[in-house]
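The following pair of complexes shares a single chain, chain A, combined with chain B in the former and chain C in the latter.
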Partner chain A sequence: MREKHTRGALLGLLAGALALTVHLSWSANDPAPAPAAAPAKAAEGGKAAPQPGSVQLRAARTTADHSKFKELQQDFKSGPEVTKACLSCHTEAAKQVHKTKHWTWEFLNPDNGQKLGKKHVINNFCTAVPSNYAFCTACHVGYGWKDANYDFKSETNVDCLVCHDTTGDYKKLPGLAGHPAYKQMEFPPKSGRQVPAVDLQEVAQKVGATSRATCGACHFLGGGGDAVKHGDLDTSLKNPKRYLDVHMDANGLNFSCGTCHATKGHNIPGSRYTPTGKDDGGTHMRGKVDESNPATCQSCHGGKPHKGKQNGMITDKLNEHTEKIACQTCHIPQYARGNKPTKMSWDWSTAGKLKDGKPFTVKDSAGHESYATIKGNFTYESDVVPDYMWLNGKVKYTLLGDPVNPNGVTEINHYYGSAEDGKSRIWPVKIFRGKQPYDLETKSLLVPHTAAEYGVKDDAAFWQNFKWDAALKAGAEAAGQPFGGKFDFVKTEMTWPITHMVAPKEDALTCTQCHSRSGRLQKVEGIYMPGRDGKPWLDWIGWLAALGTLAGVIFHGGLRIYLANRKAG
Partner chain B sequence: MLKIAAGFVAGIAVTGAAAWTMAGGLMFNERVSPFGVEETVARIQHNIQATGNGWTLSGLRNPARAVQTDGGNTLPVLMVEACSTTYSKPILNDDSVRYLSILMPCKISVYKKNDGKVYIGTMNAGLMGKMFGPLVGDVMGKVAEDQQKFLVMDPTKPAPPLIVPKAGGEGAGGGGGGGGGC
Partner chain C sequence: MSGNSTKIYVFKVFERIWHWSQAALIIFLLLTGFEIHGAYANFGFKTAVIYHTTAAWTLVGLWVFAIFWHLTTGEWRQYIPTLQKVDAMIKYYLTGIFTNAPHPFRATRLRKHNPLQRLAYLAVMLAIGPLIWFTGWFYLFYGSWADWGMDKYLSLEWVAFFHTVAAFMMLVFLIAHLYLTTAGHTPTSHIKAMITGWEEVDAEEPAAPAK
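== the complex of A and B ==
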């Protein structure tokens, strides 16, 4: 009997294999299906009609043609001359700018008294400003900051054009202490590339509202290049498509930075020094005094942003999520999505190598520098899946003089947050890993003097002589830090909350991308997540209950069939 | 007799079910790459060029770009296309298996998943080839051997440059094109 069964099964297997082969062959011989009609597509780059509230419409409402102002019909020789002309009408503008972080590069953290701002913090990109003023201040909203003795009270030192240029021709070059090129010059030095002089009159006569391009001139290029620092800010946002950012979509809503970072008296809200971890304030209303951050998602979308009557249960569940999950977590599935890879690590310890006595660079497979004598080793990545963490808006920095952890990883900034404090949400972040110099005696981070003023020969500048000792000594002197002469490199991490590059809603994370054991939130602690978390004994009870129910149904049904047959028989 | 027939039917059912559930997994392979998307692609491209046996690069496609163009998002995917006339010629010259030209050129997909890791997806050429007779089985067996050479990731070697096809693409999928091969 068993032999018959086996024979039958073998025949079945053979027949099955035969059937599969025949099926595949038939499939292969099927006539080709008629081609489907191609979906209608909008021509790439084609301009859609401006949406209500778009920048185009706002620009059309401008009431002043600056080219008609006599004050601006001058042959300006320098930026401060332009500012003087601007201030003849905008009398309070410079005073307002003087009060902002964009001018002072200082911020006093009210939570812990730490002095932050570019003037005081040290990061693991180009590190810090002291000793490198003329280079770094290419991104200062002022002119002439080339050393520690800068005149912060001068109104004509305020640079109006860097934020209000609409021509795209106004560029402040590193090394010029915040000035643009007033005459044609070779830049970078010894590169052979010529930068033309800026036409200050033309730029001044065409000033307008800030734009993605003006803000991006610094914020897209932070850390020494396009996309390097933030991960969610790069030049792809100058003219982004919908997939990259639904709000800034150039053919759609076309938000400028200022649409969300709504400015009052030149003070721009929204800062990584005081991020809003959890905004419970709801939407901002016209006429209502509201000092909360206008750049949060909730300030427009409210606390229950998900709408829809058809799937009410799902909508309610999604809105429940907003209690613990930042909007960005689901709606920014990856950062660096604009085909501009962001820098993910920077190892200063390998900087200074020479080839045939000369500095050199090495490129990675995608053509980006993976090594440069002046900076060390880097790694880049695009479409990066973020890390996730609780964030309540409190942050503490490791500043110059603070101790580092030579045997582990030192956090350049530590964002606080937890599931229990009631003030946190789970946020996506970029974690940038570095290796940078520290003093072996004081055990604190050191500032390398990297760049000199344009055209100045400086033996202590690392980018000129590649000598760490001299560069660190000069950096420490400028920063007012002691330096014993002995140094090493320490691993560091810096955290950057991700909040730009908001994808269309249909590209938000799906449930299982988090609700699974190896999902995106697998490392986030303090919260029970169905699909991710579980107790084996509870699972067993569940399975036993399910199997018991099935067995009961089968037994009951079988018994009834049996008894019915018996009765009929 | 009834029991033999029942066993036969059960055998077919079991085979069918097994084939249904396992076929997809058997026909394609997936492995994690220790490198980023571009570097993985570049290393595969250079391995292909170093393999010999008539292999040439015939394209590099970026299907993710097409999704972006349509306003959507997807994680990066790059498809390396390679072809060897040494292997394609005998198949293209045999009318009975010429339809297998739809499998040409040979493709290797490099993509990122939601866990942030980079994966390499390949066709199981050896197994697939066996399904189409001795000629195809023999050719695809050799392709499978070469395919293993394409996927060698030697971290001691420096990252080679990505080879971007010079010729324009064919549109859909973006970034295709390039000459050579089939």
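== the complex of A and C ==
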């Protein structure tokens, strides 16, 4: 190992010397979020391994040193000022961003006409955006969205830096309506912790391509914290090792999010609102117009991805499996595999308890919040075995005004799919279970007003006063919903297809993990699986016949021996 | 044992090789097959599938040889069914065998199987065999059903069902067959014959069993 490292370091130095302008972080231990490290620094890591050509090419591809641009050599006072400078060269960028979900937080599902997007969806994590704009829009690719009257036409309100930062210093704080800290401030409020002012000039001069760190700044932290929401996206993917994600492996293929979510004109493909349940389109070819989702496994690996080294019979069999089984099912054996437990349940109904008149938190044995006055009860899990279901890409949400099921479980989103429709594959999913407020009269989910703008005293905000009535009233008003004042809590489930944290092939599921009586796909219907299925009555008859025959011949033989012995005796 | 016995050469070299390799393959196929069926765990599903498939193709090859051999040598006639003396055989197994009565059937080179054997082996070859081969074939080529345009008419569930039915039938046959090998002139004469080719038989034609 030591020899390997030394050789790796030497190669690293050599590569660094050759590619003078290459900025790569090669150290898996580097806590900085993926970005820029000078070549010399890369060698310090001591773990530099020979890099695949693709990694060097990508880093060496840029032809512009933004620190040399006069437009960026100014003392920016705010984000929009930086954007103005960006747009002076990248004239179309803001117009492109304006058309995306990242900007509008709105998406019209072409399959069923449902209006989705963060603006409209109610989930069972922090639930909903309306009435909480200034807080939630810390993850909006824009500045200043603090109420329902936001100007979606403004080009300078587009936030370029949140996606194109390479320093890791640019952080949008919840409560500031999408702005970073322009001056040093206490954050979270009353925490005593100080957040320094961001150096906008520095950040602007070091912009670059998006990275796992920039996408992850929101997508790793969805649901209010690291690893909370997705289960297959968390900060362990900033610099993952090979076992965690074979493509994003920081010392290997080192994919960024954009490698798969190959983006044209800022419109990022690959979405849970219209997922690709089954991609039969084959690999994407250069020069060939292909509007299908480039983020599927098949868009690179094709429909028969398993190749030869092992038994050819098994190779063929595995390639037949791709007809019905999503790649993810075998190749993501668990989610939350990066030592970051993901939230599995969230019970809002217990929120609001006070100890000595004050909010409090309780930690579980692993040190994670299992109760918080502001949010209720949680459970977490690591290395979670997914649930599995047929998925054809069609989704229906339970939106504001849609009826809930007060006596059972309400599906926040329902994924369609079946063995018969020819469009589905069996996918791994995370099922997140919640309990959240609904209106007893309209039987609709409610939007709680939880968070206020930074520094604003807001009696209706649940996180300030812990009063459901006021919070739900304010939320309903902001969401434009009637609210009679009577509410209760309903059980909800939200389904999240698992598609990241792809393990190396040697860690894929073995056949027996599904092909057995109590395997992983035990609950998946509509398909006959050898080893799992059969007709119990046939087995009964078969084994009885075999045992009966055995008993018959034992009796027959025993009688022969007995009679022969008696005769001999 | 009885002194009045003689030996005749019943099973030729090919037949013996065929029989024992077939026996080994069928037992191995039962072992791996029931693992694939989920009845127990031994090799692991993947290995069981590889072994099962390999053994199945080997058995197919063996059968091709065996069919060719039977046709060219005329030995296929050994399996022409007859009801003659079937009642005597059944009676022998039910009573005579316990009283050391003479075996009602005397094997010769031209009639090496007793009438019950003929029926049983014919059933294995014409019922269990085809059932297992056809279902096994479709099972193996499950991935090609769509290409053959047959995916509308077949379901893996029923293909597997009949494959399993045939497997149980084969298992029942195997148990009965193993035991009945001891029911010859002496308990070991059938087994010895299948190994050496020479079968020990009664010296004279057996008397007709008492009615």
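The rule we apply is simple: the second predicted complex is superposed on the first by the 478 of 569 C-alpha atoms of A that agree within 3 Å, B and C clash if a C-alpha of one lies under 4 Å from a C-alpha of the other, contacts with A are read in each partner's own complex, and residues count from 1 in each chain.
In the analysis below, a residue touches a chain if its C-beta (ideal position, glycine included) is under 8 Å from a C-beta of that chain, and two chains touch if they have at least 3 such contacts.
Here the structure is a predicted model, which means the values were calculated and not measured.
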**OP:** Once the structures are superposed on A, label A:241 by its partner contacts, choosing first (chain B), second (chain C), both or neither.
**Re:** first
Original post:
So, does A:553 touch the first partner chain B, the second partner chain C, both, or neither?
Top reply: second
Original post:
Which partner does A:459 contact after superposing on A: first (chain B), second (chain C), both, neither?
Top reply: neither
Original post:
What is the contact status of A:507 with respect to chain B (first) and chain C (second): first, second, both, or neither?
Top reply: first
Subject >> More chain A residues in contact [chain B versus chain C] >> reply: B
Original post:
Regarding the shared-chain residue A:151, is it in contact with chain B (first), chain C (second), both, or neither?
Top reply: neither
Subject >> chain B versus chain C as contact partner of A:382, first or second or both or neither >> reply: first
Original post:
Just chain B (first), just chain C (second), both, or neither: which does A:280 touch?
Top reply: neither
Original post:
Of all residues in chain A, which touch chain B in the complex?
Top reply: 1, 4-13, 15-17, 19-21, 24, 28-29, 41, 44, 241-244, 333-334, 337, 362-367, 370, 379-385, 503-504, 506-507, 513, 518-520
Subject >> Residues of chain C that touch chain A when the two form their complex >> reply: 36-39, 41, 44-46, 49-50, 53-54, 93, 97-100, 142-143, 155-157, 160-161, 164-165, 167-168, 171-172, 175-176, 178-180, 182
Original post:
Once bound in the complex, which stretches of chain B touch chain A?
Top reply: 3-16, 19, 36-39, 41-43, 67-73, 75-76, 99-100, 112, 114-116, 131, 158-162
Original post:
Of all residues in chain A, which touch chain C in the complex?
Top reply: 311, 313-314, 316-317, 319-320, 323, 510-512, 515-517, 528, 530-535, 538-539, 541-543, 545-546, 549-550, 552-553, 556-557, 559-560, 563-564, 567
